[in-house]
Amino acid sequence: MEKEIVLALRGLTKRFGPVTAADDINLTLHRGEVLALLGENGAGKTTLMNMLFGHYTPDAGHVEVSDFKGGMLRLPPGHPQAAIDAGIGMVHQHFTLAENLNVVDNILLGAEPLFAFRRDQKAAREKVRKLMEDTGLHVPMGARVGELSVGERQRVEILKALFRETRILVLDEPTAVLTPQEADGLFAALSAIVKRGLSVIFISHKMREVLSFSDRIAVLRHGVKVGEMATEDADRAAIARMMVGAETVQPERDSLVPGAPILAFEDVHLRGEGARAGLKGASFTLHEGEILGIAGVSGNGQTALAQIISGLAVPERGAVILNGTPVTAASPAAMIAAGVGRIPEDRHHDGVISAMSVAENMVLERLDDPEIQNRGFLNKPAMKANAERLSREYDVRGPGISARATLLSGGNIQKLILARVLDRAPKLILANQPTRGLDFGAAGEVGRRLLAARREGAGVILISEDLDEILQLADRILVMHSGQLIETDSRDRAAIGLLMAGQAA
Amino acid sequence: MQIEPRQSQNPLIGLLIPVASALVALALAAIPLAFAGADIGAAYQQMWQGVFGSRFAFTEMLTRATPLIFTGLAAAIAFQARLWNIGAEGQLYLGALAAVWVGTGMIDGPQVLMIPLVIFAGAVAGGLGMVGPAYLRTRFGADEVVTSLLLNFIILIFVQMMLEGPFKDPMGLGWPQSEPILDSAALPKLIEKTRIHSGLILALVCAVVAQVMLTRSTWGFRVRAVGANPAAARHAGINVNRTLMGVAMISGALAGLAGVSEVAGLKGYLTADLSPGFGYTGIVVAMLAGLSPVGVVISALFIASVFVGADSMSRAMGVSSYLADLTVALSLICVIVGGFFGRFRIRFGQGAAA
Amino acid sequence: MMDILQIFLSESFWAASLRIATPLIFGVMGALLCERAGVLNLGIEGIFAAGAMAGWMAVWLGAPLWLGVGAAACAGAFFGALHATLTVPLGLSQHVSGLGITMLATSSSYFLYRTALPDVTSPPRITPFQPLDWPVVSDIPFIGPVFFGQTALTWLALFTVLAVWWLLARTPLGVALKAVGDNPDAVNAQGLSVYGLRFGAVMAGSALMAIGGAFLTMSAFDAFFFGMVNGRGWICIALVIFASWRPGRALFGAILFGMFDALQVRLQTEAGAVVPSQVFLMTPYVLSIIALVLVARKADYPRALLQPWFKGQR
Amino acid sequence: AGVAAAEKIKVAAIYTLPVEQQWISRIHKALNAAAEGGAIEYVYSENVANTDYERVMREYAEAGQQLIVGEVFGLERAARSVAADYPETAFLMGSSFGPVAPNFSVFDNWIHEPSYLTGMIAGAMTESNTIGMVGGYAIPEVNRLMHAFMDGARDVNPDVKFLVNFIDSWYDPPKAKEAAFAMMDAGADIMYAERFGVADAAVERGVKAIGNVIDTSLDYPDTILASALWHMEPTINRAIEAVAQGTFEAADYGQYSFMQYGGGSLIADPELVPAEVLEKVAEKEREILDGMFRVNVNDASPVSN
């Protein structure tokens, strides 16, 4: 029996210049239903949700919500307040948090009357505390959001969306930065609320969550809704085919014999920043032709590890030996020169200069290369040729090589960085959360590239919170917890999960 | 209502908009003119005459633009690296002080030696004036907006002290001014009986060099990278602090050259009222030019034309000479708003028609 | 050394520090409001002049003093609205717009003044705010003259600090203002108007700046002069950063600067014979830089400062 | 020449500061008076930056102004070269240097004589033997008046001490006021008010003040003991007459600011200053007018003692 319709999108259309990001999309949502919205990077999912919530004014179409009395109410376009008043809560793909405010203030922002002489902090805190209890999403209430980890921030986003009498919750990639455990916790909590009548639209690239949590699946491709199905009738291959319009293959790891050691950490200590753990006596050795997977919940020392390999920091104690020579000074340039390729965790912050062109970003790390410059002057034709070749070889898609990198989608930015790093045939690759936020086609591509580099003899350090990814790509697995590394031979998800939580297997 | 970037850049619009903005600015200037009871038509004619009416008027405009090109370049280069140099005014005075220090008899020699020496001294002094704030930022995290701004006050007072002390012209009858620059160290005049001098050539050369360096050299690449995203630049192996210090030196040096040009090209000696705020106006010039060095030349010429034209007009019409600054301000605002309509368009309603 | 101690012990020194600080307090609070909302307002130097002129002119034309203060605030709000229009919905460069406003506000004030009073050879005077004469408390030694010998505008300045602090720390509006200066998307996503908040903050902040200007012509002095703002606006821009955008520290910074200036005057008088007067004139600025270097750490910059925000774009 | 006499002389003035500034206000006033008297047609530009000054001079000369008045302290050489380019135009400029033939005349505010006399009054009337002096910038025009004042005070009271302060601005009355307050705190009971703001501070503290250049006694009742006034009319009127008669030539008009020509005068408030002091001052004034006493000219920057 069909439940009542709480939300209907009617012919929503949005164009950005020549791009039609959403083309005449119709979608309905029922009470207590969980709808998964799928599609490749850039398919138009976020755009659609932004129209729903009033961030974007649609070029055509409108949004209707039920008015509780059996009728439908048309929302004024481009008006987030109206959406909020209608009981819609949205968790944005990119956090919409004020980092200078604490958790409670972020949640209360806009929820209390603006022009009041003072605020009832006590009652508000109580209400937030209760919400945390109800949802199982716990965050230190008084902490400034700027000091929280990404996972904690994601929880604040969700609490924010649920705080105001929400009956329709929109989640745009809520788990992209969560650990599997956190994600499971989130869905468990949400399921409870859904049972009480909450309707959910959620966007994700993680097939496992989609299949286990949603009731229905809608798929977008190039701004068009290409299909809808009940989750119970769906399987991975079918969904993938609908999303991409073709068959997809997952990367396969063939067996290789590792070569000589290229990087060794010997009892390395480095203080962490803020609440994050640093390294407390980490030791390991990486060989040529080997992918070393570092599993673990983010914030346990991964950042410190990455900083050292990136050349941004040197150990306070212990030794790092690269190609047989100890690393003594923090210098990214020296690392690059030594043949280390670094794929940073935060691609927007550390990976690209988004105000500069794609071509420029592709030579960012080789400004001294005589192929790129001549006596300090850039060789523009060479840069252009380089960018065209890399775009082709690594399938970087976007408005063109002279467009600013900000116009690329996240997946394409990641491909840009991969191209820049891998094209130099690095002997050592640091891949830090390389597939975050990518659709599985793009994520598969990253995996294939890393495997190809391994085949060429490179050693790879793969830091990831995605256990599936580690299990799929890594030759050896180290679990990181509280700044320490423990090697495990186990390939069992549960056993590794216990290590990640700091318990001996 | 929605603001959207224009998709295609219509070249006609690119040409039309600055012209339209200038016309709107002139129309707005009619308000104060009417308020002061002047004949508006005649006023516009006088304004045109004040810039293009004679060779003299035109050279005067170029003379006024010269220091603005230097200070505009100083701001443009620093701002490209997101180094907020608000201290061009002070650096200008440092450059001028250094120019009179070496140029008034400390040493003497032929022109080919003295002129480069004076220019070099001024550039180094101006550059050091910005290296200080840049160092305080990279070393202590002290915001360079504050330090470079406060340094303006300090340097100006310091210049006064020098002009009443060691730099004072003994023949100056007590007036706080430096000795005159030696003839061998003075920048040659370009046209006799006008004030236009070779500082203008130097400024244009600097603009072209800056343009080439910023867009074509690896140095310029690094500067832009550091400005746009210092974290990514550092991650990519660019030495951010060293780049910033270099930018500070060059930016300050350009501001210092403004001082050299004014003192060795125009006035011949240093007084504490050498600059009517060229350093601050330089920021406007640079931003108006979208931080492009060649654009700086154009916007400096524009600002100078409006000022000189309106100033001359206010005199001819017998209205308060504050009208000149008022007209410059109005033009500036109209031009940036015009620039906005060049880049964006405003759509009303749902725009479903398309 | 003895002399310096004596200066610090004298009540007149502290009274002077507070008096010198008063216009700065208004200015720094105004700049702080604007910047907290994400808008740098370099129009401050001109808005000071506009406030000085509007307040004075209103009183000179016969308005009561407080109406003059109101006129100044309106003038400030007007230029604030212009700056906000240019920088908030249109998202134009805050540097250029601010410097443009400084030019516009200054030159239009002078132009109006001169066109209204073409033939003055000596500046016309008004009867300014007088030091308040509080019963009893004015007679308390030290505290009395320092605090209770000030004019009503100084008290208003101190009250403004309290009000701004309260606004930011205790009210929902303040939370929203802080948020819009940090991440406008956060505010927008919660259904609040980014434009409205920024507009309001810039107008209110500019009104405060203008009252700072009015203090110069209606309390510190009784006539309007060309150029009498004399860089005070720029000092405020520096003080806001010194204060890490916090009202309490901004008050401290303003009074510190007032102290440096009051000290400078006294030292110059005492020791002007041995050291050039300029050495003393420099001290407030030099000490300010030293103070900044000492407190400088990663100040929590309003992250959205200088960043334009357009609805429906990323 | 007969025809020209009927026509008004075209006079333009160029000031580097606004016309309210004390110094400039005296020139402006004299020219306004001449304009009202019908002798001249008067236009002016105020607050002209030194960078722009030369252009303005040329513009006025090109526009056919017959007499150009102004002050060229910051650009002595440039101004003279402009004058050389327009030999038909008469220039009368405030300057520290001498005149240049054929058409560049100079003047300055030589009111050191009445300043000396006001110094005598201050010296006689101070009880704390401490006099405060607040100046704008330490330039010769200011310094020499301050020194004359100090000499006058020492003449009648050898024990008198001076506190000197420069505020580094022509126009910052609040700052001048603060400097004055500081001096009164340090014991000054008479203030030499070179800048706007000083007399205001004196009024607030009930202290007496000495005026300079302009008469402000009406603005500050019961405060201004005496003022050394500058009158530009003798200078301006002579120049206008010379232009009208076609006899203008390069000359130093500085002397017309002396008391002898009525360019400088003393005004004292008999209600505030005791008769015996006034008598002594009047005697000195006569000596000056008779040429029996010359006030020393000292351009060095004055300091506290």
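List of remarks:
Every chain is named by a letter (A, B, C and D) in the order it is written, and numbering of its residues begins at 1.
Convention: contacts are C-beta pairs under 8 Å (C-beta built on N, C-alpha and C of every residue); 3 or more make two chains touch, one makes a residue touch a chain.
Small disclaimer: the values here were computed from a predicted structure and weren't measured.
Fewest steps needed to get from chain A to chain D, stepping only to touching chains, is 2.
The fewest steps needed to get from chain B to chain D, moving only between touching chains, is 1. Judged by contacting C-beta pairs, the busier of the interfaces B-C and C-D is B-C.
Chain B and chain C have CA centres that are 27 Å apart. Centroids of chain C and chain D (each the mean of its C-alpha atoms) stand 35 Å apart.
Our note on geometry: chain A versus chain C, Cα centroid distance of 45 Å, whole angstroms.
Shown for chain C are the residues that touch two or more other chains, namely 110, 114, 278, 281, 311-312.
Those residues of chain A in touch with two or more other chains are numbered 57, 78.
With touch defined as above, residues shared between interfaces to two or more other chains in chain D number as follows: 46-47, 138, 168.
Annotation, chain-chain contacts: A-B, A-C, B-C, B-D, C-D (touch as defined at the top).
Residues 170-173, 175-176, 178-179, 181-183, 185-192, 300, 302-303, 311-312, 314 of chain C touch chain A in their complex. The part of chain B that touches chain D in the complex is made up of residues 56, 60, 63-64, 157, 160, 164, 172-177, 180, 193, 195, 262, 266-269, 271, 273-276, 308, 311-312, 314-316, 318, 320-322. Only residues 10, 12-13, 16, 19-20, 23, 110, 114, 119-123, 125, 131, 216, 220-223, 225-228, 230, 261-262, 265-266, 268-273, 277-278, 281 of chain C touch chain D when the two sit together in their complex. The part of chain A that touches chain C in the complex is made up of residues 50, 53, 55-57, 78, 80-81, 83-85, 90, 92, 94, 96-101, 105-106, 108-119, 146, 160. Put simply, chain D touches chain C in their complex at residues 17-20, 22, 25-26, 28-29, 32, 46-47, 132, 138, 163-166, 168-175, 177-179, 181-183, 185-186, 196-197, 200, 204, 214, 216, 219, 303-305.
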